[in-house]
């Protein structure tokens, strides 16, 4: 299939455009989607869409996160497929009532009478000194609520393919982007591109240690893996891509080969999803483990502002590499023979 | 309060070393007199070492899984903070106590290969954790011509080699008609108070009575002289699951009723298999009985368990053609093979002894008591 | 009592209103009995005294229009045309319930009649109602949304956010506040700053109307006016229907927060009694017929209970169904 190089933001834009063309029930709501900046919202994701589809289907909202997310739920149960944007993931806190008590519950508590085909897009992560109220990674909150799906794309191609799938899904999907990824580039298929939810991607094969992550943690794990390879440590890196549903099979089959697992997330360590992944791996592959499962996560503090502090609380490649070395301490490693 | 040493006890005459299987207390733990400190295994028994004084287990010197000679100091007990005269050994000393650490994968691989993790020593992972590579390394050394043996196995091997080399063994075989014995055995189970007597018990009993008849055989070789025994104590070889053999002793087997002998044999066999024999259960016999009858062996010649004077090996009992009067008939025949120590008695005494056994087995009512 | 335009041509519809009010009264009157007999569990909230609001409001909108409801929602569902057998089965936690036994009293919904669900979260319906209104607007269908809520919910942030959103987008929405005077034990007079609930719409630039919530015809007329505005594209209206919660917050409420006789003036204006009297006075019905209507309502509720009791409990496997679809 033909591909072009697009930014993550452009790939998301393309998914929205294609789905709005395909399905008239798709519409967008959020703050500053239409005219802000270069007419595309804070991160450019909705650029040009208001011009193309009109301000009825691409709606700027007042600053009422609880209200317009709840309206997304109401529209979703009456025949529409709303895609609602929260400008920052931190604002999920303002919208938890409609997400948790309404969207996640309606199908179940009404006995399956209706589904909630709603997508709530927002972004996670620390970047550039946005500090405590604009840098959080709150995905674990959402994973804790049965009825929600949680998607965390990393590459531009996945951004397009997963957003397309999320819009077509008949369940509420919280689609979590990352601020540092919006302007990263990568090949994106032209036209219809669908990536199923619940399927992780092995982005680097390796034999000594599996590192599981999402978003920029995957990039930092890859950076660490390159450094470790020079030391004779061969790391496999898995990008989960969706957290609910979680592709535990891919993780387990990797760990069965490498016998060691390191889990990385930017969200704070305490009660983070690393614990969930670790428990699942213990359940399915305890006997495969040749080392305790490790994790490198955000520190249990709010994200600080200063450029000298922010990198301390968010995992960096060096910290991931150090954790990998510690897991492999004392192990005699041999690199796989070069073939070909 | 002075410190007191915990030493590897001498548990038998033949004990050359004991394996400290496991510490039950850790260095620093408070201990009271009578507390269990460690498990020690010899070639014959497994015993639990108990504290002989109150205090704290100050230090342990021998890691679990190590064999040491009797008398070796294993640990110190004293008031807290007092290390006694002994300084800690170099920093490389492996922590002597604490739970064995191994990864789940290492445990699985070792379990599948039948490899005891306690034979691996300290692993290469953090804090001595045993990793897959440690198990694989151990397994790679377990080849056809090189099987790891435990120190206990090694000690036993040395003892048996010396027995076979030093004792002038000679062998006598005799076929015994067991037909009436089997009939009696069956009849006893049909009494109002059923009596279940194993073949082994009948043989132990017949050997005991024969030892009383022929006191030359009821002797042991000790310090280049013969020590004649006043009581008749018969050893009974019991095979354990892991190809190990222990020889508990049926005491005063000549003085006991067949019911008592049967009960003793059953008890000793069960406790041997549960590895719950004590040191006193396995010492003091002058003669032993062993059987491979259940394993389909016609006959075999056993190695004498020193310092005993001989060992009787029992083969399979099977129906064979025989002459009854002037007729051919079918009888249940079993072969007994006596291994005898020529230093203690000669062939004619051995023959008399064997014949005394045969006579009672073929006229089994004699086994029920002195008739 | 609003009586203008009562005539024989409306007789069937008017008797229908009386019948529905009687069904609601009979239905919610059984709640304590269901609870004490161990047939129901959790919380169920009776709307005794508020029948005229539910019936009058739903009579003013069309079958295709939507409603959203509250934790005190049985009356709304009945007024919108829900099947009381399935409602009762839901309250008894049975497989024939609207939610197959997974919702209970506070989560009765019937999407086939536009009843978008009762809601256990006070103020939870605002966004759903406005979203449904936006959906209708975007789809270009002539549907309006009637959002029931209470005097407690008017203090939720959601009311203000949604009033603003509905105002700027001129959503086809009727915000119907049932002021039954109490949010559990909290009196509206103490909890609503300024005291005038209806005045709140003026800040958002859309009209409001206070109406006697004990008068089914007055409620119907007010909601008709609001519905007409909504259908005409003029946006939302706030209606405050003043009524009185005859019973406690729920079946076990001891009502320690109100005196024994303070409700008497309201009880004298019992919406069923007054509406029946008007119909008799106007010669649209005689006492025997009115008795028959009341009796039929009670009988229907008894039958609903029997239907619910005969319905099996849900299969265990259903606990795992409908989390996702």
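Read from first to last, the chains carry the letters A, B and C; within each, the first residue is number 1.
By definition in this document, a residue touches a chain if its C-beta (ideal position, glycine included) is under 8 Å from a C-beta of that chain, and two chains touch if they have at least 3 such contacts.
In this text the structure is predicted, and so the values were computed from the model without any measurement.
Centrality annotation: A (chain centre taken as mean Cα position, compared with the mean over all protein Cα atoms). Of all chain pairs, the one linked by the most C-beta contacts is A-C.
Chain B and chain C have centres, each the mean of its CA atoms, that are 87 Å apart.
Taking each chain's centre as the average of its CA atoms, chain A and chain B sit 65 Å apart. Centroid to centroid, with C-alpha atoms defining each point, chain A and chain C lie 42 Å apart. Not a single residue in chain A touches at least two other chains. Residue ranges of chain C in contact with chain A, taken from their complex: 66, 68, 97-103, 107, 109-111, 116-117, 119-121, 124, 126-136, 138-139, 157-158, 161-162, 164-165, 168-169, 321-325.
Against chain B, in their complex, chain A makes its touches with residues 259, 286-292, 326, 329-332. The touching residues of chain A, counted against chain C in their complex, run 25, 27, 56-57, 59, 61-62, 64, 66-80, 82, 97-98, 101-102, 106-115, 146-147, 149, 170-171. Every residue of chain B that touches chain A in the complex is listed here, in rising order: 103-108, 124-126, 131-133.
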